[in-house]
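Here is the structure we will look at.
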Amino acid sequence: MKDIYIADLANFDEGRNFDSYFLVLLKQQRTTKTNKPYLNLILGDKTGQLEGRIWDPADPRIAKDFERGDIVKARGSASRFDDRLQMKVDQLRLAQPGEADKADLLPSTTYDVAKLWSQLVGFVESFTNPELMRLLTTLLEDPALARAFREAPAAKQLHHAWLGGLLEHVVSLCTLADRVAPHYPMIDRDLLMTGVILHDIGKVRELSWEIGFEYTVEGVLLGHIQIGAALAEKTMDSLPGFPPKLKVLVLHMILSHHGKLEFGSPKLPMIPEALVLNFLDDLDAKMQAVAGEFEKSIREGKGPDELTGKVWALDQRQLLNTRRWLGEGK
Amino acid sequence: MKDIYIADLANFDEGRNFDSYFLVLLKQQRTTKTNKPYLNLILGDKTGQLEGRIWDPADPRIAKDFERGDIVKARGSASRFDDRLQMKVDQLRLAQPGEADKADLLPSTTYDVAKLWSQLVGFVESFTNPELMRLLTTLLEDPALARAFREAPAAKQLHHAWLGGLLEHVVSLCTLADRVAPHYPMIDRDLLMTGVILHDIGKVRELSWEIGFEYTVEGVLLGHIQIGAALAEKTMDSLPGFPPKLKVLVLHMILSHHGKLEFGSPKLPMIPEALVLNFLDDLDAKMQAVAGEFEKSIREGKGPDELTGKVWALDQRQLLNTRRWLGEGK
Amino acid sequence: MKDIYIADLANFDEGRNFDSYFLVLLKQQRTTKTNKPYLNLILGDKTGQLEGRIWDPADPRIAKDFERGDIVKARGSASRFDDRLQMKVDQLRLAQPGEADKADLLPSTTYDVAKLWSQLVGFVESFTNPELMRLLTTLLEDPALARAFREAPAAKQLHHAWLGGLLEHVVSLCTLADRVAPHYPMIDRDLLMTGVILHDIGKVRELSWEIGFEYTVEGVLLGHIQIGAALAEKTMDSLPGFPPKLKVLVLHMILSHHGKLEFGSPKLPMIPEALVLNFLDDLDAKMQAVAGEFEKSIREGKGPDELTGKVWALDQRQLLNTRRWLGEGK
Amino acid sequence: MKDIYIADLANFDEGRNFDSYFLVLLKQQRTTKTNKPYLNLILGDKTGQLEGRIWDPADPRIAKDFERGDIVKARGSASRFDDRLQMKVDQLRLAQPGEADKADLLPSTTYDVAKLWSQLVGFVESFTNPELMRLLTTLLEDPALARAFREAPAAKQLHHAWLGGLLEHVVSLCTLADRVAPHYPMIDRDLLMTGVILHDIGKVRELSWEIGFEYTVEGVLLGHIQIGAALAEKTMDSLPGFPPKLKVLVLHMILSHHGKLEFGSPKLPMIPEALVLNFLDDLDAKMQAVAGEFEKSIREGKGPDELTGKVWALDQRQLLNTRRWLGEGK
Amino acid sequence: MKDIYIADLANFDEGRNFDSYFLVLLKQQRTTKTNKPYLNLILGDKTGQLEGRIWDPADPRIAKDFERGDIVKARGSASRFDDRLQMKVDQLRLAQPGEADKADLLPSTTYDVAKLWSQLVGFVESFTNPELMRLLTTLLEDPALARAFREAPAAKQLHHAWLGGLLEHVVSLCTLADRVAPHYPMIDRDLLMTGVILHDIGKVRELSWEIGFEYTVEGVLLGHIQIGAALAEKTMDSLPGFPPKLKVLVLHMILSHHGKLEFGSPKLPMIPEALVLNFLDDLDAKMQAVAGEFEKSIREGKGPDELTGKVWALDQRQLLNTRRWLGEGK
Amino acid sequence: MKDIYIADLANFDEGRNFDSYFLVLLKQQRTTKTNKPYLNLILGDKTGQLEGRIWDPADPRIAKDFERGDIVKARGSASRFDDRLQMKVDQLRLAQPGEADKADLLPSTTYDVAKLWSQLVGFVESFTNPELMRLLTTLLEDPALARAFREAPAAKQLHHAWLGGLLEHVVSLCTLADRVAPHYPMIDRDLLMTGVILHDIGKVRELSWEIGFEYTVEGVLLGHIQIGAALAEKTMDSLPGFPPKLKVLVLHMILSHHGKLEFGSPKLPMIPEALVLNFLDDLDAKMQAVAGEFEKSIREGKGPDELTGKVWALDQRQLLNTRRWLGEGK
């Protein structure tokens, strides 16, 4: 297990030596102003990313054979340069198989995945519509899909992206939808829940998360909406007697969940369930972004009077943490 | 009490005589193609509006002294012209004081106003923040304001506008906010509820509802956001020791609740509570618009495969009623 | 066969009697100002549409049992009202099976469908990529799909919509793409042609053309892009060994062909072939709209100095017919 | 008094020692690449800002107890780095009370504030409307407000922001409005002038100018439009018998002066006076921006053929100085 | 001279006979519902337009030989239909040459054209820049151009369009620019005035005003900006020794005066004079639109509390007449 | 002739000495952190640009008398700094007249200009419209214009800009238009070709290409659309009997070729030829941008799975090279 994580380095003495395991996210040959070759790395673990510099690649203590995607053990010291933390790497070798835990090296959900999964299954079991229950059960019982669903991040950007992020996002949204659905009698709860569970399912193929989080070429050219709709359609086609109208409605939920054509939905929400799905998905994403920014402000030592940094999900707006400003706990 | 209402006329035999009480919403002198003067009226009751024609204003059975805003008793027959119902008025006189109930003559909420009011008061009593409770109690105990709050429509357009509409909208939103608030620990529930209760309070002066629903000149030049913020500010200034920071937050909730500058909010939501208020207000307004359109489609005899008319609140989109299409009840 | 068509009526003596076969596109019960019931019809044939009025539905010469979608024989006279032609129907009966040709009753392409089809097949036979040829051959040899492809209109609005319109549009675009492709060496001609042939294939289920041209509910909720992509995907999945990368590219061509998110494409063109497809599709649609407007101006008797009406496909711009203005033929 | 100002350093020998008084606008602990701690400062005086570096914070000639907001005396030399001037600070101590003049340390208007104020008062005295004169007199005679009005900058960004900037802007606009008003007989001159004088009054609380120019939290959450309207409303409410219609008009002038919803005005100008106020405010702001850019170009040694830098107030457009290009004086 | 004008008919007894001279703006053959041919006319005079109906074109009292563009004497009566005034024409003959004054038959400025012209010439004579004075003198002394400049309307829509409208607009703008220019020392007054005088000069060929106000084909395809720039360029090229830089500046004033690309200016204002020209042109056009709407509201009998109709030049905003609302004169 | 070009340096040993001829595009006096003066240069040749640093300007081996625009011979070594190549210049002297070929020092087309020119002339000779042939012949036979047409770049940015770029772009577009025109019978081919040849002709004065590629002041204030239209108009005016309608059409082609007001066209395409011109110009520019990005990706060593950099001409979209991804040649 790792002793020290990237996030810990913020409060670590600059210049003091340490060593730890990292995933190599980038490896580039560079040359200094005075024409000396050096290596520029990006190293990652579950708490963040760090630039690494190997000023003397010929040093025998530096392994020659490591590549992007490898797990390495590195020794060196960290310092702050232009407000970014940078590691000077003095020694580096490939980690032995089993020596480091992959789970420590990519950011992942802070929730218990098994518990999230059982919450998800619980929501499906609460369905009264047998066809929708059959659809979701079939999907969630597919071992490859279930594994991917448990692992996939919900987005590429570091910011909101972590292993298990997709599942965490879906379970949070299920809970919220379950609170809101009864307020509107015209809502078909099971259809809404089906939309919640499937809306981002295409991300299991839009993104790859082996080495950092990246878009696949398929993801770039087709997008998770199309991938997810195709996956749902193929599954419904495989279920004998699945009602054709219900199939159209489920596909419509997936297609329209971004709520606007310019956000990549080829259709706008045209049924009440799709309208609610779009609102709750949007609200939940924004509230998570705000929560993340509040935490970041605290980590960065900002005062209660200070606004957060610009929140990308809110058109670069800056927010104020109500409770802190009022002097309340947290 | 009225025997027959405007909405009933849709299924009434064309040409058969009837009489009823109406509010005169418009009275215009006109001339026919062949140069004969006639009167063009718009008559209203709580179920809708109806064009009226008096082809012979000189007829002694037609009162001379009625004006816009008067309650009249009219007799005649109805027919459909270009898909709009029109009444040919044969007799018309001013109603005696007490003869007709004003409540029958303007559309009003189908809920029990006293019960809505006690729900609202109940939400205020559930507050744990004494300052916000004091603010709302002071406002709701102001007799003139309380009366206006119980009567005011939530909007001018016929569509969503009825007496008690503001209160109905606010109570529905309180219920929804109460369901959603616990999902987000960073939300200050009492501040959110305060925003819900006060966000549209300026409508009590932006609109008039004596004769139909109109904007006041003050409403046109200042808007309900400014009127409401001024009302809240004056009240908070009158409460000794009201915390200045809380005052700023309450005003910010009102100012930002439209969520976008182009919708007339001079500030965007910059605290989590304002963000949630904007989302829930928007969702609730849209869901009510959809519910209204579904009812209208049924009244108009549309089939379950047919889309609704264009929904103004949803950028002229047309919707499909999921439950009807699937052949379920309702 | 019909003797007289709706378009002929423009130059027909108003008031003179005639009879002809029509498709009933709409049938509504209405009431006159003086409370007499009458029937309002919309009658269509391949040259256009016409409002019909039956002022005395009880007349024994008027059949009782006809409905929307029936073919009828009607007798009466036409006149112009507010610049729209209207038919007063004096007699009407259901047509006998075989008495009228359905092909005369809906607008259809002026080209020979068999010839268009063989042009299309010829383009496919010119492919050098065996996989794409196999994909298209499989699709075009499916009898149900081939029939629908030959019949489907390219759009709902009367304007550009006629039976065979989809095929006509696709063949025109094939010809144009075949001219342009050699200008750009980086273009994979067969992939471009595949995109041209499949881009609107989903319209065979987005639209129905039994009685007039309408959107299906599936079409409204999913759209022809999604329907077409699903059809192509299912077919490619059924071909053993179809290359996965090629599958992604074909789907991308379909998904991105509208060229902008706000036009309903969930992905923007990201390969050169998709870029060219979007340009040529857009150009061809606009040039057809312009040609149609020029013909309409001539039919309406506009002078060579006069602009066309507002062209919807060109943001309501009005155009000038260069050749006519210069006094050249046509 | 200061001997040397930041703007003078542009023509000062790099590396030559000097000392001067500065306001500390920012103080940050940093570490060099080689892990040595240093201090990063932003120092300001009335002519601009300057980065300062203290490479050896432990040096006994460097005071330990200074903070952001303090006035200090610093000694060192300046040099240019990446086109920005930077000061290497060798000695630094807190200034004694009275040793330095605060007025030298923040940018301030080049006009005589007392004279600007008497011009403003003169405009008010020229009013013929006694109510509006009473309103403005009351406001301008409030000592705290009058002081803030004389001191406040008109904006935060360095660019157009200086002590007295608000007053300078308002007096310039009064003069311009006084020229334009007589051209339009329908304009109520006194109402227009009232709008001119009050439109930005909320900036006295939206901004703080003790240490540099910053937005207050109140300013961020409410904005100067709301703050100014509330201030005007409270004052009008305190004047017995102030006409209610006039109150609405004055508030409307303030609310609508940005001219567009997306610029933060909750109402668009709906009276002629508000329309003119918006135009003149916009024109005057842009002309001041242009004049500032022309001066900057001359200071930077640009030739008469060269365009200015990108002007933020003109959508990043670049301008040409007509007179210089034509070879005329100035 | 005409005895009665179209605007007078609003207060004329419906059905009473009158006769007057009109310009025939449109003549169309139509057929009634009962298949009788009739003539539909649009008749104009300097106060407005009027629909005319000739129900019996065969009547010997109706001339056969009149066409669009002719001056006719017509007799009949007027009545109101759907709020539009309509004339039933009983007799109609061609006017004899000299019998009617063309000036009575198209709307024209209420100012004295000779006086406006001499004001314009006066502004040119006040120039200190000899080159610009020479340019404008050359243009204004061209007899054909000077005549067109005195006659041309400033726009096509009836609303702001009248003979002499261009000259009236330009002189108003000269006066305004003359007031504003001294406020900004960096402004070259003569260049600004040149821009004011020439900015719309292309309208003399963009519009035709022989029979009503129409766009020419040249006007539609090139626009008044291009036509005006070409006219100015040709004139400057004809003046020996005209300074090339001044030529570029004059052309830039014309090209950029609409202020935005989306308003048809191919260049944005990039010199201070162009910026001021755009602002003043825009302000003056809007103020004239507002003044026109206020007059229209009074003519239509609206009360002082009522907003104007939607003002096209102000994005369909409605305005309030400050002075009337406050109960002041006018 | 030069031995080594800037593009070659990417694969040159860092630190190894070389010498070559360059055009000086920029020369700036700067000072190091430690207060030592140095010279910052931008050096160009036909393959690109390079930053140069002269750390010791006083060195006798460094000429004192060179300026921006001079051709120099420089000796030194190159290294990579922050991914940009930088040259340390040790010796530098002015080149002797004739010693270096100017054609080697600015980027220029890879096509044979004489051949491009004869292709262009060939297109003109193929015209059947004698007037348009006369217009183009007159223009192309003007020696000064013809020289400029052969030399001018098509744009300022390095990216697509090279000597002869305008001619190369026009000839490519002629070829494409010649392929597309026959597909649309309503197109007047000669008018379309005239538009193709003249649409960007104003660039010969909008840009200067003596020292790098820059906008002229005339270009900035008037733009190539206006300059080109004026040039075409003057030429047509000089041809006796040139048909006025044809003149309007030719000018309209130039004015409208950007296709949108917001792209600087003062008129939208309103004739079919202008519509086609705008489409083909846009398509060709984008396809060239894509081809350039594909080449750049290969030069940068990107893999076939990697997207290109963000393409400015395609709204910062990234593209995939179909052929490379499929593993085909190229």
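Chains here go by letter, A, B, C, D, E and F, matching the order in which they are written, and residues are numbered from 1 within each.
Just so it is clear, a contact is a pair of C-beta atoms (placed from the backbone, for glycine too) under 8 Å apart; a residue touches a chain by one contact, two chains touch by 3 or more.
Owing to the predicted nature of the structure, the values given are computational and were not obtained by experimental measurement.
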Going from chain C to chain F via touching chains takes a minimum number of steps equal to 1
Number of steps on the shortest touching-chain route linking chain C and chain D
2
Type of chain B:chain E copy interface by residue overlap (half), same or different
different
Interface repeat test, C-F vs D-E, A-D or B-E, passes over-half contact pair overlap for D-E
Where are there more C-beta contacts: D-E or C-E?
D-E
Measuring centre to centre with CA averages, how many angstrom lie between chain B and chain D?
45
Two-or-more-chain contact residues of chain A, please, as numbers and ranges.
217, 220-221, 249, 270-271, 307, 318, 320, 325
Touching pairs of chains, which are they?
A-B, A-C, A-D, A-F, B-C, B-D, B-E, C-E, C-F, D-E, D-F, E-F
Can you name the residues of chain A that touch chain C in the complex?
217-218, 220-223, 225-226, 229-230, 233-234, 248-249, 251-252, 255, 261-267, 270-271
In the complex, go through chain E and note every residue touching chain B.
14-15, 77, 79-81, 305, 307, 318, 320, 325
Interface with chain E, chain D side, in the complex: residues 175-176, 179-180, 183-184, 186, 188, 191, 245-246, 249, 268, 270-273, 275-276, 279, 282-283, 286-287, 290-291, 294, 307, 314, 317-323, 325-326, 328, 330
Interface residues, chain B side, partner chain E - complex:
30-35, 217, 220-221
